Amino acid sequence: MTGRTIKVGIVGGTGYAGVELLRLLAQHPHCELVAITSRREAGTGVAEMFANLRGKVSLKFSDPAAARLTGCDLVFFATPNGVAMEQARALVDAGVRIIDVAADFRLKDVALWEKWYGMKHACPELVAEAVYGLPEVNRERVHEARVVANPGCYPTSVQLGFLPLLEAGIVDHGHLIADAKSGVSGAGRKAEVHTLLAEASDNFKAYGVPGHRHHPEIAQGLEGIAGRPVNLVFVPHLTPMIRGIHATLYARLTKQADLQALYERRYAKEAFVDVMPAGSHPDTRSVRGANFCRIAVHQPQGGDVVVVLCVIDNLVKGASGQAVQNMNIMFGLPETAGLEQLALLP
Amino acid sequence: MTGRTIKVGIVGGTGYAGVELLRLLAQHPHCELVAITSRREAGTGVAEMFANLRGKVSLKFSDPAAARLTGCDLVFFATPNGVAMEQARALVDAGVRIIDVAADFRLKDVALWEKWYGMKHACPELVAEAVYGLPEVNRERVHEARVVANPGCYPTSVQLGFLPLLEAGIVDHGHLIADAKSGVSGAGRKAEVHTLLAEASDNFKAYGVPGHRHHPEIAQGLEGIAGRPVNLVFVPHLTPMIRGIHATLYARLTKQADLQALYERRYAKEAFVDVMPAGSHPDTRSVRGANFCRIAVHQPQGGDVVVVLCVIDNLVKGASGQAVQNMNIMFGLPETAGLEQLALLP
Amino acid sequence: MTGRTIKVGIVGGTGYAGVELLRLLAQHPHCELVAITSRREAGTGVAEMFANLRGKVSLKFSDPAAARLTGCDLVFFATPNGVAMEQARALVDAGVRIIDVAADFRLKDVALWEKWYGMKHACPELVAEAVYGLPEVNRERVHEARVVANPGCYPTSVQLGFLPLLEAGIVDHGHLIADAKSGVSGAGRKAEVHTLLAEASDNFKAYGVPGHRHHPEIAQGLEGIAGRPVNLVFVPHLTPMIRGIHATLYARLTKQADLQALYERRYAKEAFVDVMPAGSHPDTRSVRGANFCRIAVHQPQGGDVVVVLCVIDNLVKGASGQAVQNMNIMFGLPETAGLEQLALLP
Amino acid sequence: MTGRTIKVGIVGGTGYAGVELLRLLAQHPHCELVAITSRREAGTGVAEMFANLRGKVSLKFSDPAAARLTGCDLVFFATPNGVAMEQARALVDAGVRIIDVAADFRLKDVALWEKWYGMKHACPELVAEAVYGLPEVNRERVHEARVVANPGCYPTSVQLGFLPLLEAGIVDHGHLIADAKSGVSGAGRKAEVHTLLAEASDNFKAYGVPGHRHHPEIAQGLEGIAGRPVNLVFVPHLTPMIRGIHATLYARLTKQADLQALYERRYAKEAFVDVMPAGSHPDTRSVRGANFCRIAVHQPQGGDVVVVLCVIDNLVKGASGQAVQNMNIMFGLPETAGLEQLALLP
């Protein structure tokens, strides 16, 4: 496999998922980045916008119309929701495989998608075909996929956290709670007041308690894992940090089990899921900039509630790192290629 | 009442609860601060240690042995746990009333206290007498108390959040969950590695999931409110901010009710509990530096789980502000005296 | 003086200077806030936008057209630059006094103002009349003023820091350096990418080194103090904190002097300028939320360079607090009225 | 060269320089980490202390007495000051080369060292031999060195910033000013109050204005570069961020020159010094986790003061990354080996 080079294009790329993809791909041993498009920034050097890429990425943003993406093996969409669905058809027809880091292909129920994302879906038939790119669940199908729907950040952490419990069928499916905390980069690189440092720093709040777009995505995933309907309360919170998600998950046990062994066994072969020793409290910085998910499982006071602590970097395992992991799987590369970097601590 | 001046002493006062007490008392219309003691800092001007007090507080720390606290009307203990229980007896016998901002008198079950705090209790008889100083529950008893056990920060937020539900008897007492997030000042002004900025900033983690000292305090309070045993899962988290607690509370409804009306009615006469409009998400900065508790109540998707969002400043309503509130109650002052300041936002 | 009530209006008020004015005025003993205007937010309760004001400020934003500001004794402009100059004339003619917290009346050289602010000045004749509201320099003139130009945040800290040196005439006027660091609230409550938490947190940078709007304002002030031209290098930096300015000032001594005594003497009667003991390093949090300026003066290694460390809260002494101080002076109130609050520490 | 493996030992390694060395060496293509010592932590797995290393570094801390460091090709000292000087002699005699990341061998003037570091130097003869490991100045001598004194963080940024000016001899040597701002990790992983998040966050202050240990180190370096005495005012500041140094440097030009060209030419062949385009303002995050120094040079208003903006990550180019760079040079490896990672942004 060494020596094989994947020709990669990026549509979008001026946001945080974009710069993170660039950081990872610039250091990937089997990738050639051939084009990155942005209508607004066409002509601007990528490294002019993101100084960390200076000297390493000489590419300029090109106009979407002019970019020859059809010559790519793979195109990542690091765009706002609603863009990939417009362009995917043509690329797929040209034999280009696609990973959408946005949400266009995540929900199988198109009507539900249209309700939550507030627009008509332009390409429902690719929704049906698309594979939900959570490798720990769908690895084989990702390998064959033409279109991969890269999971959202919250959904990645919540699904990986509940997965062993649901597969084992030992918790009450009707009462799952996910109390999730995200760094501010999850809101994207958008000029908005509520994520200004002066607003979000030294501050903490919940948001979207009545409803959040990631709720149906998580529910769909959990139901697929459990093989039956689940009932989930999902409460996201904004945390004054740049990167990181900490999901604190609660479920009621219906059967006793050795939870530590269950988790360790389930993830024993997963390169990017790290089950911490019993009694641990993973911190988000232990995955800062790295494609890991670290998990600890607790049963406080030996009661009937299991508490799962699950951390990821929302921009890596929760977005661009997972996208690269999916790329590796799709093209038969070692799954860890380009993803070996350790978290930055402190 | 105007014109009445309370002579106040502080034991300790070199920590965060101490400097916050000083800030509040220095601006209190009916207080005279006569002594503040610290063995280690005896002779140091209070304002040398805390520059925000320069020009307003000219007092020096005095040696505990030399300080004539028995001339005070009231002594606050802003000390590590285990100090107040040694000195309280003598002061009470001298007619001095006491508010312990630490934990010595909070747990009625002395054996349980000794287990969690790792020492023998020096003064069990005052434990029995002490009043738990949550004004919204015990206002009348606080008024008469000689010894007030000022509640912990987490316990204040969790109890105020669950209170209306438990009083109304409409939730499953056997499955309460409190997912609480605290700023780092909650750990105190102590030289420790894990709360260094380089460790705790841009980071998020749970801690104490197997057990935390505030668990029995909260449980005792909730059981008192509910009038029966409760089962609580309590998961505290460390948040990269200085001040603030955000408690996210989950309970299963056993009866339907107009939750918004229930909360508004319960707290209608409370000066320091603000029930936000339906659909709100209170943020911790809205109480930064102020003695308020802001609460919102949600019932996501109309399901059977109620979600309560409750914020306080851990150093104010969660410590020194509540202590001043208790002082006001004890001495028949207007409950809001010296506590009218608005939160600092941004 | 007690009992006198000033009728106050605010134009604008949806930004940080606005909410800070509201916080201060809501607690001011001699003020009645009669109107606050915002075209965009007309009808919205002020406390809906700024939750810290809930229960204390019941006013709603009103449409500028409808607001009867001419009934006020004083109107604050907490608006973007260019608004006050359009409305000031009519108010002044109606006998209303004005404090502009923005920059419209700060530069006496209208051409220079137009160059830096990129618009034609609408009201040059009031520029000529306006008094620059740095009380420590212009107290008497502020008392009589109809229009006060409230100083900028950087200019306040740099002028107060250099003032004693320039008045004493003991430094080289041709080589003054101001290396200033500001919290992010200085950029205002505006939706912009570069001040997002994800951009500005855990990060530090200079900006505006080739030129910054506050440079001519500072230079004008310093020249007024020195009575001759000065040459100033001014380098502002963005610091990952909400509030605070730390100005580090460098000047070459042309005469030896007891610098500590010089500073203490100059500011002995100033309520809001605190000269720290020799050897001190003031920190910005010691003035967080308070109207103080704290200063320390150093002469490292006894060399010929004097280093002045000067901190203010950019929203208080650097904006709204100073505006209230100016109001107090204009109306003959005690200069500290409503400004007695201590800094929030930690 | 490929295939060559350096056997490396680390003495110390429980601090931030240590964990950063481990992060870099774990990913270095030509290194084998054979031992890491810590008396206090002997027996503890390195990855138990630093969770980011889980799964990648299986080494345990070993007792210094038992560790066979003499079998190493190179030993890094990531210890408190005063440790390397005690152990260096024996290792050097055994043919082991040494890089001291602490300060023991930095100052050629032993008496000066003893004054600033408050202890007697145990090994003055190795001070004389040691090479100051600033590769951009001493590359050839580092290649041959048995003992490399790895520069301090502030000294690296200040020297690289002033270097082209001093070599060109176009500034007044008697009036150099370095106004430097550091993230809190520069203070080390030590339990101290002043670097707690609750103290240092949302706060900014200068420190050590009367004198700082890095002053003589910087002065020695600048004098070596200039070939004559220099006079430097150095003011360090503590910034509320984890990593990063921003040095803002001021010098008076004695000759005009094309400063941009001067800097670009001087650093054209340096892999780790990036001269930004004219008019730039480098931010510290653009080097977060990376071994780069980014520099911009300004001449505000065309005056006679040159302003240099210089950023590094204090733990990478300011400590462990530079140590690895020195190792690469010492052993004839490509200078960028193991140091190709891009900065983490955002």
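Chains: A, B, C and D, in written order; residue numbering restarts at 1 for each.
Here is the rule we go by: contacts are C-beta pairs under 8 Å (C-beta built on N, C-alpha and C of every residue); 3 or more make two chains touch, one makes a residue touch a chain.
What you see is a predicted model, and the numbers here were worked out from it, not measured in a lab.
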A-D or B-D, whichever has more C-beta pairs in contact: A-D
Relative to subunit C, chain with the most remote C-alpha centre: A
Subunit B and subunit D, separation of their C-alpha mean positions in angstrom: 45
Centroid distance [mean C-alpha coordinates] between subunit D and subunit C, Å: 39
Gap in Å, rounded to a whole number, between the CA centres of subunit D and subunit A: 36
Subunit A, residues touching no fewer than two other chains: 16, 183, 185, 189, 198-199, 201-202, 240-243, 282-283, 285, 288, 346
Subunit D-touching residues of subunit A, taken from the complex the two chains share: 16, 19, 23, 26-27, 50-56, 185, 189, 201-202, 242-243, 274, 276, 282-283, 285-290, 294, 315, 340-346
Residues of subunit C touching subunit A in the complex: 16, 183-185, 187, 189-193, 195-202, 240-242
Partner subunit A, residues of subunit B touching it in the complex: 175, 177, 179, 181, 183, 198-199, 201-207, 209-211, 231, 233-235, 237, 239-244, 246, 248, 250, 252, 279, 281-285, 288, 298, 300-301, 303, 305, 307, 309, 311, 346
